[in-house]
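Letters A, B, C, D, E and F mark the chains in the order given here, with residues in each chain numbered from 1 onward.
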Amino acid sequence: MEFNLILSNILNPPVLFFFVGLLAVWVKSDLEIPQPLPKLFSLYLLFAIGFKGGHEIVESGFTPEVGATLVAAVLMACVVPIYSFFILKLKLDIYNAGAIAATYGSISAVTFITASALLTNLEISFGGHMVAALALMESPAIVVGIFLVRMFVPQGEASLEESEKGGWSEVLREACLNGSVFLLVSSLVIGLVTGNSGWVKIKPFSDELFYGVLCFFLLDMGLIAARRINDLKKAGAFVIGFSVAMPVLNAVIGIGLSRLLGLSVGNALLFAVLCGSASYIAVPAAMRMSVPEANPSLYISMALALTFPFNIIVGIPIYLQIIKLVWN
Amino acid sequence: MDTIKRIELVIPAIELKPVLRRLEKVGMDKYSIIRDVIGRGEFGESTDDLDGQLSSVYILTTCPAGEEETLYLELQPLLQKFGGVFLVSDAVCYRC
Amino acid sequence: MEFNLILSNILNPPVLFFFVGLLAVWVKSDLEIPQPLPKLFSLYLLFAIGFKGGHEIVESGFTPEVGATLVAAVLMACVVPIYSFFILKLKLDIYNAGAIAATYGSISAVTFITASALLTNLEISFGGHMVAALALMESPAIVVGIFLVRMFVPQGEASLEESEKGGWSEVLREACLNGSVFLLVSSLVIGLVTGNSGWVKIKPFSDELFYGVLCFFLLDMGLIAARRINDLKKAGAFVIGFSVAMPVLNAVIGIGLSRLLGLSVGNALLFAVLCGSASYIAVPAAMRMSVPEANPSLYISMALALTFPFNIIVGIPIYLQIIKLVWN
Amino acid sequence: MEFNLILSNILNPPVLFFFVGLLAVWVKSDLEIPQPLPKLFSLYLLFAIGFKGGHEIVESGFTPEVGATLVAAVLMACVVPIYSFFILKLKLDIYNAGAIAATYGSISAVTFITASALLTNLEISFGGHMVAALALMESPAIVVGIFLVRMFVPQGEASLEESEKGGWSEVLREACLNGSVFLLVSSLVIGLVTGNSGWVKIKPFSDELFYGVLCFFLLDMGLIAARRINDLKKAGAFVIGFSVAMPVLNAVIGIGLSRLLGLSVGNALLFAVLCGSASYIAVPAAMRMSVPEANPSLYISMALALTFPFNIIVGIPIYLQIIKLVWN
Amino acid sequence: MDTIKRIELVIPAIELKPVLRRLEKVGMDKYSIIRDVIGRGEFGESTDDLDGQLSSVYILTTCPAGEEETLYLELQPLLQKFGGVFLVSDAVCYRC
Amino acid sequence: MDTIKRIELVIPAIELKPVLRRLEKVGMDKYSIIRDVIGRGEFGESTDDLDGQLSSVYILTTCPAGEEETLYLELQPLLQKFGGVFLVSDAVCYRC
């Protein structure tokens, strides 16, 4: 059963193109997707998922379930980095612990998108408001992560930083206004306000090309993940274990919460995936600025070269299997 | 046709704005910027994969001899914190 | 009524994405669309609009109305820069007056495209030959602008330029052969000659993605316009007033001409928009070469940061309202 | 009859856009398609053609005809460079003879794609396995070309090269794993394994945009070909004659083989085009590394500025005409 | 291993062709070009937004000592009219 | 604030990996890379049309005086075979 799900997940073209990317690097092919093409694909995917989410919220309306989901989303985005931080502090310094904690508290839009593609495939429905949850979960972990670092770092050391970076308000602003979140939220709002007439005109662009663009994006992710895996060779078993165990733990907690809130199977999977995924774009960019003492190749590579493939390949179908078992 | 100092900077792309602000503060308001520079330094590899947030930029500017020190003092905290390169060489400027 | 039209114009996804671009800069989001992605979008839009125009000319045939419209288009493209020049010369030097005059005599393809998207939305028909009018209006103003500068600048000063640039033939060639005009006209001709069989194969590409690409392009225009608005802070009330009043004046003259020629409502709107819009790509590129004494950040910013948003947001619906009043 | 076919080939939008590219350079328009946009188009075309080929192999199954075609394809890819080499050696040095021989033994994916677009147009069917033939024919000529150079170059001269490049295994690996071949084969395999469910989701992306993207790609090819033609001015009549006569010879041999194997009209045309086309991407990249003594602007320009346009414009319809005559 | 002059130019992108023509005219037919350079100079900001028509290019070339004057004389009218930078420094060329 | 040698390389893009391997071999593991460089040299024109396989890359690195010779010896076979430029100039390094 479960194996069947994993297989039907893996036999999706986008996931297969992720493998193509990995393979290309391993056999030393010179295949590459130069910038800014990956940027184009990610702008497109954010636009498409935002617009569709907005459109679907109009269709379904703002129900209590929607409200509860959004509150739970923000909650998880704040709590996950806190317990992650204390686990990480066992083996790593405070800077790296804070940066990695923030990474795992935030989300990966592409993991979400891949999960939603699997659901569409299996004809399991899900709500447009899950995109709003995605948007809401991107940034809080950045703030929590920086807060934790400042709490635990001896006073003197952090002083230059504050004056340079303009303190909290600056951090908050940047966390909420990074380009990805901004485009996603804007597209969602535009999908909301332009209603059906907007949707009809955008659909051939945002809906029908979606799968193909996702294939290209995951191809590039595969190329990058395979290159990054080297960065982790020096990192020990702790870091590698964390990169795989943490997403499962977070996803399971997400599944529990979903059950409590009475979410549907589709929404529960997406919520689990949001909790279980880790950010390799927005959060690293913020951490590079706010916690330059941490090692970017460590936290990016954990999220990108281990947690991302794990979720894409086996995590998603396993979470879905668990949900199916619990829900029935 | 003055003999001037030719200043080269390689800094993280995300630091471009604060660095330019400091360049202009010390009066070096003529510069060229080459983006999408990759490389390797003390802080590890700088690449432009993903969203390009780890890539670097190269800045070329010029100043009368002596003023490079002023700029360095201004930039030093940033360079120390975020990394980067600060090179000075001699050049003759026919127009700059 | 009029307000209603403005609203239904603004609630179009492309126009809303223009606002997203403005907003992104104002709140200091790091959203950006790196080159050559904007170039890709503009190549696509020119291709799509040209091909469709050619296809529709085949459908409708070459009627006397078509001929009259094209003649009127060239006429306006020559006359607008002349009276603009003399108005501008009241406050500006000859170089800047000439460059700005050329800018306003030429057209903005994206303003035209946005207007045609509104018409499609409101199910008001328009002719494919309006794209030919667009193409014909792009370049004459460049020649007129340079001519005016050379007329009014004291002999000695202009001499180096002539020898360097190869004189009139060179200017004319470059005006007619800039990349945008060339691609637009080529696509139009290919749409014409390949007829229905060509159209059927290209349509899913050129027609169905149109709206989505237009959203991305206007998002980028919003980003650029917001950044450019600073360039105008130093410019006085005269320049700012000109950037808003001139398009209205030109559009109203265009509407009058349309009425005389008996154009349909749709064609009249597009003609008004051609007259009322200003160029921020082809003409600035030409002026940078031929009149380097003028200040590019002035004429580009006027066209892009004031006239373009003005037309996109309120100009187009106002012109349509006027046309509706007059035609009925 | 034949003239009619040429005309209906030329009146295809993609071929017309190739002319637009040529024209743009000849009239000195500044139209250009900056990198990495051409790269995007070529990645897309390889993806689309591979995926569709894989899908169609599923539909048709692996018949004896398929097997025979693939064997013939590899055979031609090995034999063509051998006789080409000895012809070229009459006038050129060994390095250039080897590099050009490899170029003509390999294939041009875009020529293949243009031919398949003509077939679709004329509603002549062809098999998905022809894409597999395309993939199989890309690399062998590289190996044969290098082998010939090493055979004929005096021992001492080639020694540095071997140690630098790691010898044969390295050459073979690079020949088979260049990015284009890798993406094409991967897409074909994914199209194969994901079957109909994968195809349905990818089709709007890979099938419906195909024509439009091909137009843009051929536009760029036109721009490049026109610029490259200058490189051939210095080359003599021998080189120019070879660039036109060789494709015809190879195509005719390919047609003969197709007849022997009993291929359908569509498959025979594609096979002829594979034999008759020359590589301007994969092979030059390999030759630049392995035979740096040869002149890249010579072999690239022959393939790109002469053989490619020749095939696109008159070669394809002529080969089809011959096939029709022989088959009936 | 000659001591040579290393010439750097930053010029408006639209001036690339005429500048290269002049470089080749004075015999400097070996050069490297970096495109999409942005920056700030006497003529204001150089950006690559819109169609990139305001961006700059960076040109690196070399010549024997003394010949930089010839090139400068050739380029001066263009530099004066359209702006740009002309820097000369000393270098040792192992291969160029 | 050391006086160092500033090394500039312009090499075919396809040679980037072997060149970096040799740079690291001689201990120059800090460098910057600018891609998509075009130009003209002894081996003809270097463009980025088609798949970009003829374009060049520019590499900037630094070393203590004297070590440039070691690098040159290492790179010479590649430079001779595939072409490229190797320039050395003096600079003062405030941070590198």
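Keep in mind that, in the parts below, a contact is a pair of C-beta atoms (placed from the backbone, for glycine too) under 8 Å apart; a residue touches a chain by one contact, two chains touch by 3 or more.
Small disclaimer: the values here were computed from a predicted structure and weren't measured.
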* Give me the fewest steps it takes to get from chain D to chain E if each step has to go to a chain it touches. => 2
* To do: Any chance you could name the chains that touch chain C and chain D both?
  => A
* Structure fact -> In terms of CA centroids, furthest away from chain C sits chain F
* Please indicate which chain is farthest from chain D, where distance is taken between mean Cα coordinates of the chains. => B
* Report the inter-chain centroid distance for chain E and chain F in whole angstrom, where each centroid is the mean of the CA atoms. => 20
* Asked: Taking each chain's centre as the mean position of its Cα atoms, how many Å separate chain B from chain D?
  -> 46
* To do: With chain centres taken as the means of their Cα atoms, state the distance from chain A to chain D in Å.
  => 41
* Asked: Do you know which chain F residues sit against two or more other chains?
  -> 34, 36, 89-90
* List, in ascending order, every residue of chain D touching at least 2 other chains. => 35-36, 39-40, 204, 208-209
* Taking all chains into account, which pairs touch? -> A-B, A-C, A-D, B-E, B-F, C-D, C-E, D-F, E-F
* **chain F residues touching chain E - in the complex, by the definition given at the top** => 8, 10, 34, 36-42, 56, 58, 68, 72, 76, 79-80, 84-90
* Going by the contact rule at the top, pick out the chain B residues touching chain E in the complex. => 6, 29-35, 60, 62, 89-96
* **Of all residues in chain E, those that touch chain C in their complex** => 12, 14, 18, 36, 44-45, 48-54, 77-78, 81-83
* Asked: Inside the complex, what are the residues of chain C that reach chain D?
  -> 35-36, 39-40, 43, 47, 51, 173-174, 177-179, 182-183, 186, 190, 193-194, 197-198, 201-202, 204-206, 208-209, 285
* Structure fact -> Residue positions on chain C within touch of chain A in the complex are 11-13, 16-17, 20, 23-24, 27-37, 40, 121, 204, 208-209, 211-213, 215-216
